[in-house]
Amino acid sequence: MSSKVIKNGTIVTADLTYKSDVKIENGIITEIGPDLSGDETLDATGCYVMPGGIDPHVHLEMPFMGTYSSDDFESGTRAALAGGTTMVVDFCLPNPDQSLLEALQRWDNKSTRANCDYSFHMAITWWGEQVFNEMETVVREKGINTFKHFMAYKGALMVQDDEMYASFQRCAELGAMPLVHAENGDVVADLSARLLAEGNNGPEAHAYSRPPQVEGEATNRAIMIADMAGVPLYVVHTSCEQSHEAIRRARQNGMRVYGEPLIQHLTLDESEYFDKDWDHAARRVMSPPFRNKQHQDSLWAGLQSGSLQVVATDHCAFTTDQKRFGVGDFTKIPNGTGGLEDRMPMLWTYGVATGRLTMNEFVAVTSTNIAKILNCYPQKGAILVGADADIVVWDPEKEKTISAKSQQSAIDYNVFEGKKVKGLPRFTLSRGKVSVTDGKMTNEEGWGKFVKREPYGAVNKALSTWKEISAPRKIERTGIPASGV
Amino acid sequence: MSSKVIKNGTIVTADLTYKSDVKIENGIITEIGPDLSGDETLDATGCYVMPGGIDPHVHLEMPFMGTYSSDDFESGTRAALAGGTTMVVDFCLPNPDQSLLEALQRWDNKSTRANCDYSFHMAITWWGEQVFNEMETVVREKGINTFKHFMAYKGALMVQDDEMYASFQRCAELGAMPLVHAENGDVVADLSARLLAEGNNGPEAHAYSRPPQVEGEATNRAIMIADMAGVPLYVVHTSCEQSHEAIRRARQNGMRVYGEPLIQHLTLDESEYFDKDWDHAARRVMSPPFRNKQHQDSLWAGLQSGSLQVVATDHCAFTTDQKRFGVGDFTKIPNGTGGLEDRMPMLWTYGVATGRLTMNEFVAVTSTNIAKILNCYPQKGAILVGADADIVVWDPEKEKTISAKSQQSAIDYNVFEGKKVKGLPRFTLSRGKVSVTDGKMTNEEGWGKFVKREPYGAVNKALSTWKEISAPRKIERTGIPASGV
Amino acid sequence: MSSKVIKNGTIVTADLTYKSDVKIENGIITEIGPDLSGDETLDATGCYVMPGGIDPHVHLEMPFMGTYSSDDFESGTRAALAGGTTMVVDFCLPNPDQSLLEALQRWDNKSTRANCDYSFHMAITWWGEQVFNEMETVVREKGINTFKHFMAYKGALMVQDDEMYASFQRCAELGAMPLVHAENGDVVADLSARLLAEGNNGPEAHAYSRPPQVEGEATNRAIMIADMAGVPLYVVHTSCEQSHEAIRRARQNGMRVYGEPLIQHLTLDESEYFDKDWDHAARRVMSPPFRNKQHQDSLWAGLQSGSLQVVATDHCAFTTDQKRFGVGDFTKIPNGTGGLEDRMPMLWTYGVATGRLTMNEFVAVTSTNIAKILNCYPQKGAILVGADADIVVWDPEKEKTISAKSQQSAIDYNVFEGKKVKGLPRFTLSRGKVSVTDGKMTNEEGWGKFVKREPYGAVNKALSTWKEISAPRKIERTGIPASGV
Amino acid sequence: MSSKVIKNGTIVTADLTYKSDVKIENGIITEIGPDLSGDETLDATGCYVMPGGIDPHVHLEMPFMGTYSSDDFESGTRAALAGGTTMVVDFCLPNPDQSLLEALQRWDNKSTRANCDYSFHMAITWWGEQVFNEMETVVREKGINTFKHFMAYKGALMVQDDEMYASFQRCAELGAMPLVHAENGDVVADLSARLLAEGNNGPEAHAYSRPPQVEGEATNRAIMIADMAGVPLYVVHTSCEQSHEAIRRARQNGMRVYGEPLIQHLTLDESEYFDKDWDHAARRVMSPPFRNKQHQDSLWAGLQSGSLQVVATDHCAFTTDQKRFGVGDFTKIPNGTGGLEDRMPMLWTYGVATGRLTMNEFVAVTSTNIAKILNCYPQKGAILVGADADIVVWDPEKEKTISAKSQQSAIDYNVFEGKKVKGLPRFTLSRGKVSVTDGKMTNEEGWGKFVKREPYGAVNKALSTWKEISAPRKIERTGIPASGV
């Protein structure tokens, strides 16, 4: 691959803003400085040169009742690139009693057509000696240091507290980090049944069946279990004040807990479910559901103050046809929606342009923070010499109106339909490859590679030290019982 | 029974302090006013005439490995009277799969020798249609409106979240109130096993195995489930800031949640478990365990501000011999200790004499509040015409040093051994019967009667109304899905 | 006065609900029981017999730029009675450098025409040795145990922190309680000036100039100062979450702090100020201004959980003409509005009928709690033998639509105009005198008497004890400095 | 200056840990990479190569009653270098009515002998048009973008709320940031007088006179005022939970507020004041005083969670002789103590070695965060090409016992006397000059230069945007008052 230089731009990272050119060779940033030259020049005049976005929460080609969610690794990563995202992390979901390694094989197979780099989280969907043992292989050999736990989806993916505790302890030993989908599955199941029984079968009942309280409770519970296990915790799709409060309270006590709001929860609210159009509402069905404005304010404040660290999408692109499985029974509406293509422009428009976030904070929450948390920084999430050239050249003046008609994603609608965004990629580079140029796709199918991630990140190690130092000590006694002898 | 008059005292209730005489006929207060006379006169000069204490949390003659806790209804209620407590509430504990009604029969049998009035909470130790059905009988026919749920004691009394949710909903329907022992049983079980495995087998490990975090988590979870079920909640033995915080947070959102610190947690701390004498430590083993001073401060502040409402004992008098079942394995130390006789003098000495509580607040937290919560006010907990003459004539100048040697309780030690208290009963009256006179017992075995309690208290009804008004509403749509038609 | 009996009603107090008749002689309740008879019978069939309301926060005939607020002690107390309120507490406001006693004389003069009983708070509007000394006379001879401090109205009523601290300490010594109007006057003054300078001169700018933040800050400051002075604190017109949060946080630490939401803040919101009709908006100008729905939720939850204790009105009835002083300059709109007549029906309709509050809580927050706080319980706020017969016979089925046209208040509008209320007095009795019968006024001008209130309430005393016990202790050293000698 | 290479070390920055050499030319980092060579080599084998520490809070040669604090810019910066700190920020303190520029001239004069780089905060000690005007010069011409405000020291440095608000608004306009010393000066003054009057005249009374409550209150007040002014806020020497709580609560609402714990408050507690040796206690007199362990836990958790960002010293080195001005009257003990030399080793030992902080967090809180906040990043606080070569080569195995005998500081004692630290500089470089080599000083008097800092940092700009977008809007009305026309 020939050398490239991004010229005349302003580099914006999580902690710096400065004018400089960037030189790229063999997919790696090899020089940062003024007046660079190379075989090819990308003009970044008027633009910000930022680390490409990382979306740590996507489900591509996710199995669902014999079919799959519509965006696979090809279209999904294409959509990602179109929006300035250059790495995605998908969830490997073993079936009940299935080997983790076998499941991983399936995910490896699916990901071969990816247009940008990707990594995997491993889900712990059941528990047993095999899982316990394979976790070590997954961490040491497969380059995966994160394990997802579902506290909801009773009868399917959900794990019990004792299983979760066992798994969290295993994570602690292996230097890995647990993730949780935090909703109280028992309560959700019962609420759902009651709502259905009362004739509340529309998509709005999906929201009613998963109120903020059940998310807050589960978040709080997972945090306690992580604390007991002595391991950091990452809470996916933090959607509400209750969950955020639990995270804040934990952090306030020095615990190592992270929260991930989705761009959907930051910008859309529950009124979407009250739409008279069933399809409109059903297309927005995801878990947790959208919340009201007060919850949105809480999430934005979390990004501002650092109590929430990452903005993701939970992209899981079920089509309208798939959604209609749930006509007459909201519990059958597949959970998931899109966002991968729109996360960065939406966050820029609603976050940076309004003054809620600085540009540096934008980079932090879309890329750098998660790279650090997942322990793949500075390979990813950085504009540094030696880092992968996953770069977005961001044009703050470029505008568009979001529409399903013009999107890369395979899904037949867009939850942000009609939203005007200002701030879009001029170029998106995946390991040096220019994959997007002013809205035109020049991506390459299969270009994306798996990103291995090492265990025992700095926070894991520090926490282990502290837990050892502060562990309870046995009282030494002579004569047992002393008073009786 | 001849008429009695308590003369020359100052009546102190939850909201009044005034000089007046009290006349009693047939076990009932029939007149309150100046210059009363009757067949018999009790001189209350220099004393406060207060509603007798109510201890809503005792376990008398509790089954344990083929034996029983040492205080039965006779000695237990005698101890209660000696300390100014005139009513106790015990927990009926059905065995796995046992009929609630059958268990209740057993408890009825045990209680025949009681020296003062008593009532029962029914425990939900398993779940099924029979339990669901019998709950109605328990409430409507048996005069019990409170149901206890254990979130700990895995493999024994513990119930799962879905069972608890089902039971809470049933309580809501029946106008009853759920109670919870709030500790995360899964985590406690695992922590215990780990500690034992590491050789941490002394009584201090009992405390290590049940840190405040697991109590806080469970409290938070129970609150959420009660909120979803639309029912008030009573958290027994709230021992720590974490649990108290969860209660405060709920109340701050308008939820109807109550917390019950124990006199032990208010006045004793975790250092007791670090005693070099195994017996000393083991005698203090109860769940939750004693906490540090910061937690104590939190509990006192809760009583002052009203976020905690009731002071109880969880009296469950295991002897030193019984405690020694757990030599070499702390998990086998029976959980429980005494306090029934000392609750009122200890709280007066550490609470009223220090200025933390007013005398009226003392009455509120030892008697009146729980009478209201349990819906037996003003039969109990009041100095009012028509109320049962359960009265303590409190001498604020009377002193003693607490000692197992001089106590009524059958237990062979006292966790408050050596504490000096100032403020003790001059007389304790149970439905008009003078059962204690200046430390001399004149109680009558079998005098005590069961106190029936009606469902649908005012708070239950108000909460039901609110939940109905604020319930989610179905969106009416024509054409399903609308956009597809 | 002949004897009266209220028959066939259900007595509802702060802690009891029971069927009973009530007998009244010479303005005092002399008997409570079944089947009572007297010279006159008031039929309470289908009604609740409750303690008459107490409004602890009114300004009658308040001086303003050479005129007075329109409701004087005659029309104001008449309006009070019409709505079921039987006692009001007004604020005696000395001019700068005026003797407290002289000011009190003026207030005594104004109050001679009162139709129901009343008391006074004394305002500390300036500081000096004379004030310090007269406070003792006010407390010991004049029967006033509460002192109001304005943290806003810079250049007029506002006191500085050091003055407030000195006054709070003086309250502590005298067994009195400080009250605060909590808004940061410096910031309000500057914000007002800035808004005006920017052309923001309409009534909505009044709200902009006093955001919740300035109220929260001042509340927090007053609490700290009261804590340092060792005295309880009562925060008048708590209108927002920020102020409520400060109160909750203090109480959570065991401090003795009370908060008083107004019925206006509980039921009306800031959108009133955005009305296109200047008069509509200006008529609602009061300080603090109305807030948004989230603040309302906070206040209701405070009443439910007990972190807020009292519902008042801050009734200060400026007419439309008086309001128009502020055309073109919102800072000249006189602050104040009505509510005295509507407080009880509004709170019943929006609180009890919705299930937010029980009937007992309704009585507590409209009457009993404040009677206890002001130390005039059970003379007021109680249905007890010996209590003043200040009683409202409440018909829960009686309805009306609030309108200025049909009100007793002299003001020419009503901020609740058009609101439908259900729950109104059938009879209102002031010390036994039937002053309202089914909407017909039978009050007697001048009937009302001043209610003396004693210092050293139970909470004051307990707090003083605690502060003494926990006071810092001098370290005894020999040789000063020890190391140097 | 010849080129230098730091070889064989591990670079540790706020977000990276990696092995690399560092090349320095002309005081600037010119290359980072493997296998670098230069004229001079510094061996960093086994060491961490970190940005030199920045202490943003020192008072060197501070005027006090005709004398000065003992460490001047020479000895103070020498002490700094010895401990790995390469930049200090002092406070320019104008006298009452003195020109800011004139005062700055004095500070410029004092700083000529500095051994490392430094910058200034300007204090606003009085208010007037001259101050308002000169602030602009200070920001635009003098390179100072931070203004300190004292809320304590009544009668001396203290400013009133309205002055503070005016100054904060001025900061907002100028793109500067206000700092506050947050204690309620009125209450402190009165408490001090009362304590003295009661004979409480020892150094422990200093602590009694400034309880956490007065710090919490002032912090809360400053935050509100900053919010109203639309400007970020930096709270110096945050010492307690109350102040930290106020900061957390603000941040939780999205406000831009920073807190600075001191190394003393993190590691020493109030028991120091109870020492029987007057000198021991007096030497530790500073404001705020040391707090108890619970407050320490709060501060550590703040560093872990990011609610507190910076560790400083408030180094102000009064000698024992100077301290003794206060024998018999604690209010005369000069406030201040040392720490500049020990901050980094103490924080490493108590923070990193215990697992409370990662190494990266250590760099963040000792250097990088404050460089960003003060807007001099990445000139300072970074190991990046182009950054100043302010570097500490940190040997994690090097140990010592802190003692006044062996320190660089001119002060005759050390508050950390006897503490063992592990983790010390092998080399400290100030703009490339090796100033410390394994404990040997090779600094150069006068080497230090003033660091100019630009206004309008990213956070200031974002906040201004948000405040403008969310500013209140005037309601347009026709006919005023509308209803009257």
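Per-chain numbering from 1; labels A, B, C and D assigned in written order.
By our rule, a residue touches a chain if its C-beta (ideal position, glycine included) is under 8 Å from a C-beta of that chain, and two chains touch if they have at least 3 such contacts.
By chain, with names taken from UniProt: A, B, C, D = D-hydantoinase/dihydropyrimidinase.
Treat the numbers as computed from the prediction; the structure is a model and nothing was measured.
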Any chain that touches chain B and chain A: none
Need the graph distance between chain A and chain D over the touch network, please. 1
Interchain centroid distance [CA atoms averaged], chain A/chain C, Å: 52
Per the centroid of Cα atoms for each chain, what is the distance between chain C and chain D, given in Å? 46
Averaged-CA centre spacing for the pair chain C and chain B, given as whole angstrom: 37
Enumerate the residues of chain C that touch no fewer than two other chains. none
Chain A residues touching chain B - in the complex, by the definition given at the top: 160-162, 165-166, 184, 186-187, 189-191, 195, 199-200, 202, 204-205, 208, 211, 213-214, 216-217, 220-221, 224-225, 227-228, 245, 249, 273-282, 320, 324, 327-328, 472, 474-475, 477-484
Please output the residues of chain C touching chain B within their complex, sorted ascending. 14-17, 32-33, 248, 251-256, 297, 300-301, 304-307, 352-360, 368, 372, 377-378, 385, 458-459, 461-469
